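In what follows, chain A forms one complex with chain B and a second complex with chain C.
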Partner chain A sequence: MARLVVMGGGVSGHTAATFARDMLGEDHEVVVVTPNSQWNWIPSNIWVGVGGMTKEEVVFPLAPVYEKAGIDYRQAKAVSIHPEGKEDAETPYITIEYTDEAKSGETEELTYDYLINATGPKLNFGATPGLGEGTNLGEHTVSVCTADHAEHANHELEACIEKMRNGERQAFLIGTGHGMCTCQGAAFEYIFNIEHTLKEQGVRDMADITFITNESFLGDFGMGGIHFKMGGFATSSKVFAESLYAERGMDWILGAHVNKVEAGKVTYESLDGEMDEQEFDFAMLIPPFAGVGLKAFTKDGTDITDTIFAPNGFMKVDANYNAGAYENWKASDWPRTLQNPSYKNVFAVGIAFAPPHIISKPMSSPNGTPINPTPPRTGMPSAMMGKAVALSVVDMMKGKSTEPTHTASMSEMGAACVASAGKGLFSGTAAAMTVYPIIPDFEKYPGTGRDLNGTTGELGLAAHWVKHILHHIFIWKAKLKPGWTLIPE
Partner chain B sequence: MASKHVNHIEPYSPQFGTMIPMGGQKFMRTCVLWQIVRFVAINIRMTILILKSHH
Partner chain C sequence: MIQKLIIYPDERINIASADIRHFDKDLDQLVEDLKDTIEANNAEGLAAIQIAVPLAVVVAKDPNGEWHVFFNPRILKRAGKTISTETSLYLPNITEDIPRAEQITFIYQDRQGKQQSMTVSGHFSYLLQRKFDYNFGGTFANKLDRDSRKKVEKKLSLQGNVGEFNADSNFSNREYFKSAINKLLFFEGVSLFVPFFDVTKETLNSWYNYGIFATIATILLTIGYLVYAKWEASRVISCTGCQVISFTAVAIKYFVLITVLFLASYYWVNPN
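Right after this comes the complex of A and B.
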């Protein structure tokens, strides 16, 4: 009997663990180590953040699902990896620290034959003074990164709406809270939901809404921009995004590294090196992401964290980390099997793997401050990586192969993104975007770097219905309800 | 003639440099019949994308 340990029970880890469990049969063990007791469909946090859904609608408890599936669930966080075991026992293991009430703080060593790191991002609020401390959100701004954050954001929003009803103008600032953020899509979706909600509440004319972003142009999305097939043109996402903001009378600030947050005010450095300020009554700023801070040691206790992880804390995989300058970057730099080069029984999926480089063009201010989006690893690619690695590991555990048998490269897969405003079936609106491939490949697609037949964008009710359906089918799938394996990632 | 669908845009402001949807475009975005067609189209498009992405 062999044991697969999955660290992280989010989008990619849950996908990996459930597919592996389904395919491994009784002969092998699957263990999930994750500090959260509930699974969260994170994309719908946006709706929680404007009162369109309750927290309960976007989360469910993991324990009964894992019990039914036959997965050994440890509500704990992984702390360190020991891929060579210890002096007197060669079996690799990880150390974990329990987070559930009964065992909180207790530590344990957990051996593995195969290990999947799906620990996602550390929400690094502490990187910007005033945005928060470490992984804790500060008092001046709100967030929608977790369901609890989103619930809090909605309370603050309600307070602002009340003030506007009483004749007090309010300034809204939504965007990225640091020059090296990713996840612009979430901020983009949230600002449209804020605008939609204010309109529905009849107070839109009392609000000034501004988007602040580290992108050098609207619609970069950390993917170096996209050209969509639209109305007979290959239309830039810049035009697409700007049009959405202009139509709604919203302003934008580009190329901004927010370097300080205070009560009612952010200070930011622009790509031209200027320092500026923006006042707000309500601000939702996405924090930068980093790896969760796992450590790694050899059997004699030597710290090899730097060998296994990149400086940003994400785990090294089969990517080309020596691609050099932007001009030399290729789609083939991106990892395919997601296997760690030093330890072949260790994999990393979703946000936890270290990208070879960013996707957008690197930029910095004249003061040398880097201001550019870092690469997004959204839900669909994260889940696809989870499934591909699960399939590879299953084949390896069953002795069918000694090498990974499946690949999931962001340069060979697409992403679908639906940004929806409002919740009413006929009053909502949404932008549906598909991108193929995620990493532009100018060798294969010399024009825009992407396949224009697979890269599209459109607005309307239909996209909004798709978003509703995605919410329900992904929660259905994550709960392992009948037919879950047939639902695509 | 002024369009009732396009509010005043300050010349030379960033908003001035992009396209603004007008009546026909806005109507189609919320026309239920047309959106049912688009719903089918988006689903087909996403299915193709998923099939192309699995290796």
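Right after this comes the complex of A and C.
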């Protein structure tokens, strides 16, 4: 019997663990280590953040699901990896620290034969003074990164709505809280939901809504933009996004590195080197992501964190980390098997793997501050990676192969972004945009690096339903209800 | 060398231009071609896509007649709102009032690839806003509402430039299924108004029979749409989930509409 340990129970970790469990049969063991007791369908946090859904609708407890599936679930956080074991025992292991009430603070060594790192991001609020301390959200802004954050955001929003009803004008600032943020799509979706909610509440005329982003153009989304179809029009995400903002009377600030947050005010540096300020009454600023801070040690206790992890804390995999300058970047720099080059029984998926470089054009201000979106690797690509790695690991555990048998390169993968406004079945609207491949392949598709025939989109009510269907179908899948394996990533 | 301009309804204008990655010697020829073409057309500026080169390069003359070359430009800041009366070489003999920012601050790369920034206002600002839009696949028609776009299309067609702005080089064949379903359902919808008029039972029967035909045909077309869309999505490696859900949502919408229209036709138009 061999043991697979999956660190992290988010989209990629949960996908990897459940598929591995499904295919491994009774002969092998699957263990999931995650500090959370609940699974969260993160895209729907946007709706929680405007009161369209309750927190309970977007989370469910993991324990019963894993118990039913036969997965050994440890509510704990991974602390360190020991891929060579220790001096008296060569079996590799990780150390974990329990986070559940009963065993809180207890540590344990957990041996593994195969390890999948799906620890996701550390929400690095501490990177921007005033945005928060470490991983904790500060007092001046809100966030929709977790269900709890989203619930808090909604309370703050309700307070603002109340003030507007009493005749007090409110300034809303939505966007990214640092020059190196990703997840612009979430901020993009949230601002439209805020605007929609204010309109529904009859207070839109009392609100000034501004988007602040580290993108150099609206609609970059950390992918260098998307070219897609809308209402029969071939259009770029920039043209599309600008028209959406203009139609709704919302302003935008581009190429901004928020470097300080104070009560009611952010200070930011622009790509042109200028410093500026923006006042707010309500601000939802996405924090930058970092690795969760795992350490790694050899058998004799030597710290090899720098060997296994990139400086940003994400795990190195089979990517080309020496690609050099922007003009030399290739799609083939991106990892295919997600296998760690030093330890072949260790993989990293989702946000946990270290990307070789960003996707958008790299930019910095004249002061040398890098201001560009970092690569998005959440949602569908995350799940695809989780499944591909699970399939590889299953083949390796069953002795069918000594090398990974499945690949999931973001340069051969499309991505979809469903941005909705409103939640009503008949009142909302949304744009479902797809892009292929996520990583521009300048050799295969000269010019933009994208296959325009692989980009499609639906706008309007049908796309809005997509978001609803996604919510229910993925929670169904994550709960491992009948037919879950048939539901695509 | 003077290059041929892309003129409406050439759809290549919708191509989003790629950023310049290599600042090599080839760019000099492109810049010279753009300058020659500007002079030959007595224009003030051109984006490279206007001479069918899909690269993010804009060459323009400022009000003093000085040449400027901008690589990979991005507008960072806009100040003041105004209406600018504009013409475009892409849309011959068309003059439209376009909403613009009075002043813009933008970043760009110079010939050596070094990042620079500039703030301009007035006429030169409007010119650059128009040219920079071309880099992202947008003409000034994108700034017009639907009715104004239709009027411009009509004017252009009278000049012999027949086309439409919603022409789409990225058109999926699955849109044909939707188009056919929409037309069939539209006439079934029309049939619901027939009982309001004093028509014979035979006429009503004919409309009702059409309703039955449209129901069967649209169900088959919707199934065809689903099958085709699934096949189309499968051609794109790894791009499944949202695509499948997206066109499934469209199909569900049609099934609901078909059912509602048929029930309405059965209880309202059916003379039997």
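Methods note: the second predicted complex is superposed on the first by the 480 of 489 C-alpha atoms of A that agree within 3 Å, B and C clash if a C-alpha of one lies under 4 Å from a C-alpha of the other, contacts with A are read in each partner's own complex, and residues count from 1 in each chain.
The definition used in the following text is that contacts are C-beta pairs under 8 Å (C-beta built on N, C-alpha and C of every residue); 3 or more make two chains touch, one makes a residue touch a chain.
Note that the structure is a prediction, hence the values are computed from the model and not measured.
Participant: Given the superposition on chain A, are chain B and chain C in a clash or a fit?
Facilitator: When both complexes are placed onto chain A, chain B and chain C end up clashing with one another.
Participant: Examine A:Gly414 and indicate which partner it touches, taking first as chain B and second as chain C; both and neither are also allowed.
Facilitator: Touch partners of A:Gly414: chain B and chain C.
Participant: Given the touch rule stated above, what does A:Gly447 touch, chain B (first), chain C (second), both, or neither?
Facilitator: second
Participant: Report for A:Ile473: first if it touches chain B alone, second if chain C alone, otherwise both or neither.
Facilitator: A:Ile473 contacts chain C only, not chain B.
Participant: For A:Gly249, select first, second, both or neither according to whether it touches chain B, chain C, the two together, or no partner.
Facilitator: Only chain B is touched by A:Gly249; chain C is not.
Participant: Check the residue A:Met384 against both partner chains and state whether it touches chain B (first), chain C (second), both, or neither.
Facilitator: Both: A:Met384 reaches chain B and chain C.
Participant: Does the superposition put A:Gly368 against chain B (first), chain C (second), both, or neither?
Facilitator: neither
Participant: Given the superposition on chain A, which partner contacts more residues in chain A: chain B or chain C?
Facilitator: The partner making contact with more of chain A's residues is C.
Participant: Could you say whether A:Gly167 touches chain B, chain C, both of them, or neither, answering first, second, both or neither?
Facilitator: neither
Participant: Should A:His406 be classified as contacting the first partner (chain B), the second (chain C), both, or neither?
Facilitator: First partner only.
Participant: Check chain A for residues that touch chain B in one structure and chain C in the other, and list them.
Facilitator: 239, 243, 246, 380, 384, 408, 412-414, 416, 432, 434, 436, 454, 456, 458, 461-463, 465-466, 488-489
Participant: Using the touch rule from the top, collect the residues of chain A that touch chain B in their complex.
Facilitator: It comes out as residues 239, 242-243, 245-247, 249, 251-252, 380, 384, 388, 406-409, 412-414, 416, 426, 429, 432, 434, 436, 454, 456, 458-463, 465-466, 488-489.
Participant: In the complex formed with chain C, which residues of chain A make contact?
Facilitator: 216-217, 224-225, 227-229, 231-236, 238-239, 243, 246, 253-255, 270-273, 326-327, 361, 363-364, 366, 380, 383-384, 408, 412-416, 418, 432, 434, 436, 442, 446-449, 451-456, 458, 461-463, 465-466, 469-470, 473, 488-489
Participant: Please output the residues of chain B touching chain A within their complex, sorted ascending.
Facilitator: The contact residues of chain B facing chain A are 7, 9, 14-15, 17-21, 28-30, 32, 34-36, 38-39, 41-43, 45-50, 52-55.
Participant: How about chain C: which of its residues touch chain A in the complex?
Facilitator: 11, 14-19, 21-22, 54-55, 72, 74-77, 99, 105, 107, 115, 117, 133, 136-138, 142, 165-166, 168-172, 175, 236-250, 252-253
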